[in-house]
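Mind looking over this structure? Questions follow.
Naming follows writing order (A, B, C, D, E and F), and every chain is counted from residue 1.
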Amino acid sequence: MADPTLIERADILLEALPYIRRFAGKTIVIKYGGHAMTDAALKQAFAEDVVLLKAVGINPVVVHGGGPQIDRMLSDLQIPSEFRRGLRVTDAATMRVVEMVLAGQINGEIVTMINQVGGRAVGISGKDGNLIVARRVAPPGAEGDIGQVGEIVGIDPELVASLEQRDFVPVIAPVGASAEGESLNINADTAAGRLAEALRAEKLLLLTDVTGIKDADGNLIATLTASEAERLIASGVVTAGMIPKVECALQALHGGVQKVHVIDGRVRHAVLLELFTDQGVGTELGRDAIAPGKRGGRASTRARSAG
Amino acid sequence: MADPTLIERADILLEALPYIRRFAGKTIVIKYGGHAMTDAALKQAFAEDVVLLKAVGINPVVVHGGGPQIDRMLSDLQIPSEFRRGLRVTDAATMRVVEMVLAGQINGEIVTMINQVGGRAVGISGKDGNLIVARRVAPPGAEGDIGQVGEIVGIDPELVASLEQRDFVPVIAPVGASAEGESLNINADTAAGRLAEALRAEKLLLLTDVTGIKDADGNLIATLTASEAERLIASGVVTAGMIPKVECALQALHGGVQKVHVIDGRVRHAVLLELFTDQGVGTELGRDAIAPGKRGGRASTRARSAG
Amino acid sequence: MADPTLIERADILLEALPYIRRFAGKTIVIKYGGHAMTDAALKQAFAEDVVLLKAVGINPVVVHGGGPQIDRMLSDLQIPSEFRRGLRVTDAATMRVVEMVLAGQINGEIVTMINQVGGRAVGISGKDGNLIVARRVAPPGAEGDIGQVGEIVGIDPELVASLEQRDFVPVIAPVGASAEGESLNINADTAAGRLAEALRAEKLLLLTDVTGIKDADGNLIATLTASEAERLIASGVVTAGMIPKVECALQALHGGVQKVHVIDGRVRHAVLLELFTDQGVGTELGRDAIAPGKRGGRASTRARSAG
Amino acid sequence: MADPTLIERADILLEALPYIRRFAGKTIVIKYGGHAMTDAALKQAFAEDVVLLKAVGINPVVVHGGGPQIDRMLSDLQIPSEFRRGLRVTDAATMRVVEMVLAGQINGEIVTMINQVGGRAVGISGKDGNLIVARRVAPPGAEGDIGQVGEIVGIDPELVASLEQRDFVPVIAPVGASAEGESLNINADTAAGRLAEALRAEKLLLLTDVTGIKDADGNLIATLTASEAERLIASGVVTAGMIPKVECALQALHGGVQKVHVIDGRVRHAVLLELFTDQGVGTELGRDAIAPGKRGGRASTRARSAG
Amino acid sequence: MADPTLIERADILLEALPYIRRFAGKTIVIKYGGHAMTDAALKQAFAEDVVLLKAVGINPVVVHGGGPQIDRMLSDLQIPSEFRRGLRVTDAATMRVVEMVLAGQINGEIVTMINQVGGRAVGISGKDGNLIVARRVAPPGAEGDIGQVGEIVGIDPELVASLEQRDFVPVIAPVGASAEGESLNINADTAAGRLAEALRAEKLLLLTDVTGIKDADGNLIATLTASEAERLIASGVVTAGMIPKVECALQALHGGVQKVHVIDGRVRHAVLLELFTDQGVGTELGRDAIAPGKRGGRASTRARSAG
Amino acid sequence: MADPTLIERADILLEALPYIRRFAGKTIVIKYGGHAMTDAALKQAFAEDVVLLKAVGINPVVVHGGGPQIDRMLSDLQIPSEFRRGLRVTDAATMRVVEMVLAGQINGEIVTMINQVGGRAVGISGKDGNLIVARRVAPPGAEGDIGQVGEIVGIDPELVASLEQRDFVPVIAPVGASAEGESLNINADTAAGRLAEALRAEKLLLLTDVTGIKDADGNLIATLTASEAERLIASGVVTAGMIPKVECALQALHGGVQKVHVIDGRVRHAVLLELFTDQGVGTELGRDAIAPGKRGGRASTRARSAG
């Protein structure tokens, strides 16, 4: 295809204008994971997006996962893994590996990647500055005891807020500490959602490996209210893999986050396109006060067929 | 032509990124005039560009002219006009009209236009806050006396600087006052240049009704150093109408402005395209330290045929 | 008469002391018009008063009218004027003249005058920084349609407040813009009153061409409460020309302005004398909570015969 | 005499204007003593002057003496006094009385007097916040030993500066402490002069019991340069009692104080009249750069016969 | 006894840690008097304690008494003293002496003492900055008239607060002024208590010449609630001399002070030891919400025999 | 031994006073390693010391090593290690382990330890916020190539400085990134030294597993100048293991650090005792301007026999 013309270029910049203005000074928490974190081109594009956001005055906060890398390291160290109801049983040896991989490997890679394209990222974990205080989901020996797997009991956002103010990009490994100082493994989606609440974030973006949320006919849904989303779960339209994402989104909306976006991390520059174009690349969830089928400040309804 | 694809959209936004970052917090003085100030579509596009700049943290300052509108009002009031060496002989009655039209008509229209697309413009003249102190180019009765035509003797940028800090867009009518309080008509290009110096502006943009500066073969020159520009004048390549623009640019560069752009105001969104794309829509003049044929931070040489 | 003695000089300075202290840091909105705006000596004295206020830490805000000058320009341009119920029917051509004269001529003259005696005035209109948002008093074609005559629907005081903070003196032409960007002519008294409310001004001063408000016996009334003023209107003691002034004052008092002064602009330095002497040069209106016949902080009742 | 007319009142206020503006935010150190500190009416007027200065944004700093009161208390306590070359021999018992009277009696009276007319005075001595560090003029037992009489070796103006910033009026008793913590009696004129230097004061005012400095013909001199003053001393025109005042003034001028005024404290509101009228009530000393016979910003030469 | 070992040294520093952290940035008002103000070694130790507090970020405010010194000076001046119900009948001559001794002698000595060990003390009285506004306990001529003895009607803490902010140590003589400017003698304990309330002090420390408050068996009570203290008074366990101290403490607690300590000023470094060791050197009184027998943050109950 | 008496307690607190005051607001960089990082009691004591420093207004910055833990993990992963001239040959697989252990294990443990005793530590590496920019000591393939071992080419202290300002304790893993984003292993002593320079630290503390620096007779040297230290190296008195420590110290002194302390990390609370007692627990190195054998502000010479 031919190069975009001058006027097309201007139009794209101008389309981005109301979004840039609306989000300036706001915090946007991004849960980063899946293909976007393993494919080299997607990684580079993600880092560029993060730096662009900061350049136009938006404060991105990145929370990352790391399941596959943890599996590999456990296997290298010949530490066997057991899962119960989808959660890894995490004994002390396993937790040490989880923390090393998340905080000592993946976190640093993301930081370097962002810094390489001109940003100033700072990698931290939930233990730093008492950011995430957690407790075991079940006490040792109790029923359901799966070791050092934690649920969040408190967030102290001051460290992240002060990094934001100094124009650093916080990159957060989802590891917390208990009141007694025990390291605990935290679900990354949940950590991102709770952080978004505590930071009074404008948006929470969940990068996934699917197109977004689809309706019963398999068409991508552009925008969705909380109660519509609940109905989609109840009616079985939202499929198994997507349910925890949607539940995380609902929890964040109830906790005061303005919008949650479930977006397709396989699209290059997905973050940029979702935030700064009318079209978007996923599904935007908002609270019920917003009329269904309408995206805040956007003219079109964005309902279109997936992919 | 087909819509730009997602990746084209992302690329255009990303191309703009280094420029947005580089100019954030900087002042850009724009001399506004010609077709861009009379054509309805161009006016609207100009106002949108100004608001976009502010939205991404750049401080635009607009200085406008108004020759044709002054002519019309003088004719309506049956006040005859005389020109000497290109300058209007400005007696008291004429000056009253000049000021009324510039400060009371055109200035207010630009302000309204910018505010209509979401900006917060403030119209002032050089008399406000002692912004422009001037003196007659020739004393009354002396040789060359052409009445209330002024040359600038001092700029007090505090008013403009404080409007910038509060995120207003200053729109300036080129009327100054003498130390004795006499209103004086000031050339708008000169006023824009001197303001750019006093404000330590990053850039001065001169909107013209031509494509930019061309070389001996009639090709648009993308970038030019001060001494190259002087050679083009000396060798007669720069034509009569363009000479005052180039001289104004040279003066501003000598006065400390980083870059001066002579751009084609007939292109919609000329300001946006010149600032945020590699390609640009005119000629960029820089100081001699910068190697010829290279545009700061741009890969391409931008030499292309005018057309 | 002999020169005031040293002790008389000291007494006058000391009499001013409590007023200077009480008003320091406060905003005082002055509606400027009538003889005070046409007589050369009165103009000079007015400018000196404004600069003195600023020098002692008070923030004067000037709102001006300009009826006679508009009449003259309309006549010069052979544009006929029609009045309905005291309001000028303002078609597009008339409005253009109104705006040119107010914002492009009178406003600049006042600015220059103040700057000439050492002030730093900045001339703006209600369009600047969205200061005055207005709408037509009657829609086009509707009954009572008199064209571009506006009533105020909103005031955004930020521009004026930020000029004050930087120690500029705002001089305001009473022209507003509608939400659609149409210029509208606003009554200057009303504009001054509404501005005083929005700025939480300490005082509103209305300069008139009469001595002040008189009682049934023709004696000047030194101080007046809102309900006393309403009774004077009801009983027909306040005469036709003064009624709109008093109504403007009552509206401002209800809107939160502490005091409104109707003063004799024909007295040189009327502003200074009204603010800084016990005697004053007009009538001070306050809210009902203040006991009748008592001027805040003044010992005497100030009732004296006019003339 | 008849009351000053309105226009006379306005003129007096306006005459004060340039002085008020010029001195706003500046520090003026006043040495307070003599009749002005004993006569009830003069005391009241002095306190009013101090409060007026503060009200118009000037920072007065008061340094006081107290010789007669000290004499009286020493006599009440039957402690004999001895003087050597004009300086009181100050043994430990005498010093205790000096300090009690200055810091515990006179200082508090001045504070109360100023507070009674609406000021916020704070009484301190040179010991507070290490304001005045001094040493004995002669060591114990050495020739010239007169006990606890000190000369200043250092001024730390921070305490006074921070009181000024919070809009308190510092009232200072001229008692200092040596590095070893010994209380020392300091000459009040000298203390005022050194403080004026350390505070980079605009003016030092010395209240005396005479009309000012007179020339050889007995006429009051309105203004004087440093070298003229030195000539007057050399030629014997300046008489014995005035010599230390003039030397104190010269020292302060050399130390960077802009102007020193030797004024007649017997005139009511002498401070106010000297600062805010063209006429003044004493002699103004300036540095040599200032042309003789001209008072900064004043039209008249002020030479007049002493009355 | 042998020198403390390294580990003992470290333990003492570490024991102080939670106290230093808890009190950082807080105000602690200390009523200074008794032996601690007359014994040379105790004076030196007290000054060192005050400077240490400031060094670790705590804001000490010292209020002092001075009865014995006043007695001596009255006797030197042969002014007879009369007491009624424990209060000195204070005629004008007596009051002059009281003020001279408190503000002109003792206050300066404390200031010098603190400055000698590295502090920056500033001596003021309640008259400065209108800190203490008082009225006579009985009007002149009325029953119970004992002259210039005052009770506090208002505290304006701004002067003290601003001295604290600039890291000066305020040292306050308990002399106030009436609304009419009359000097009044104020009880020092009461002044300290009211100041502690107005400054929202963390603690009020009352230095006494006894071990602290004892129980019926003569054992020192480490901690006490307000109602326990009331019961001890009611049951006659608290003896006569201690009653006014306890009542002062109760009043301060009711007024919002967190803790009041009645400590043994005869112990060297009593202030330091009370604040920074678990053991303490007196009795700590708190509000009823705190469980009896428990000292905030301390492990031990601290009940021990006096002696 | 018996408990320290009250007076001993007070003396220890008072001895600490001048040090607390002198170091308030200053940065102290601590290289943490050796036994102090492996023994449970020493770890706890170290964390308490760090928190105490912060509590009294000092800004500790911790840089840690981790050789033994890295060895263990490499062995667990069966990655063989090779050393050349004391430096580990660091291929990509080894570097990944180095980074995981330093940034993902040890760093987090120190953070948790400090937070457990009341601090607010934040763990970062040299990659965060571009803190440490490094390059390989030898390029790939060149002579001396030992892989990803880096030398520092630049420090950007902003991240650490902003954490300090918000009262976090930075804990730094000595891993840097090259300009191309390659992770590089940095010597921890060197990193601590360079950070101390960049932060204009008051002190650099190197925790070692020896008593300090000894003289030819085996006695501990309390204080040492730079040139004395150079002589001790030249004369062979400083033994092999200590040489790199002393060279690191000399480099830091040349780079502007005030003092470097080589202390015995095997003593509990070594940091506290070195900083806050006259006696200290190691050797203090200062620049040559400081007279030999004298420790700033300490009375004793501190020369004592080791052990």
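The rule we apply is simple: a contact is a pair of C-beta atoms (placed from the backbone, for glycine too) under 8 Å apart; a residue touches a chain by one contact, two chains touch by 3 or more.
Because the structure is predicted, anything quoted here is derived from the model rather than measured.
Student: Can you list every chain in contact with both chain A and chain E?
Tutor: F
Student: Can you compute the centre-to-centre distance for chain C and chain E, using the mean CA position of each chain? Integer Å is fine.
Tutor: Computed from C-alpha means, the inter-chain centre distance equals 57 Å.
Student: How many Å are there between the centre of chain A and the centre of chain B, using C-alpha atoms for each centre?
Tutor: 45
Student: From the C-alpha centre of chain A to that of chain F, how far is it in Å?
Tutor: Taking the mean C-alpha position of each chain, the two centres sit 37 Å apart.
Student: Mind pulling the residue numbers of chain D that touch at least two other chains?
Tutor: In chain D, no residue touches two or more other chains.
Student: So with touch defined the way it is at the top, what topology do the chains form here? Options are line, ring, star, complete, other.
Tutor: The chain contacts form a single closed ring, each chain touching exactly two others.
Student: Could you list all chains around the ring, opening with chain B and heading toward chain C first?
Tutor: Here the ring, read from chain B toward chain C, comes out as B, C, D, E, F, A.
Student: Mind listing the chain B positions that touch chain C in their complex?
Tutor: 76-77, 96, 99-105, 107-108, 111-113, 115-116, 120-125, 127-130, 158-159, 162-163, 166, 168, 175, 177, 180-181, 183
Student: Please give the residue numbers of chain B that touch chain A in the complex, ascending.
Tutor: 1-2, 4-10, 12-14, 16-17, 20-21, 24, 45, 48, 51-52, 55-57, 118, 267-269, 272-273, 276-277, 279, 281
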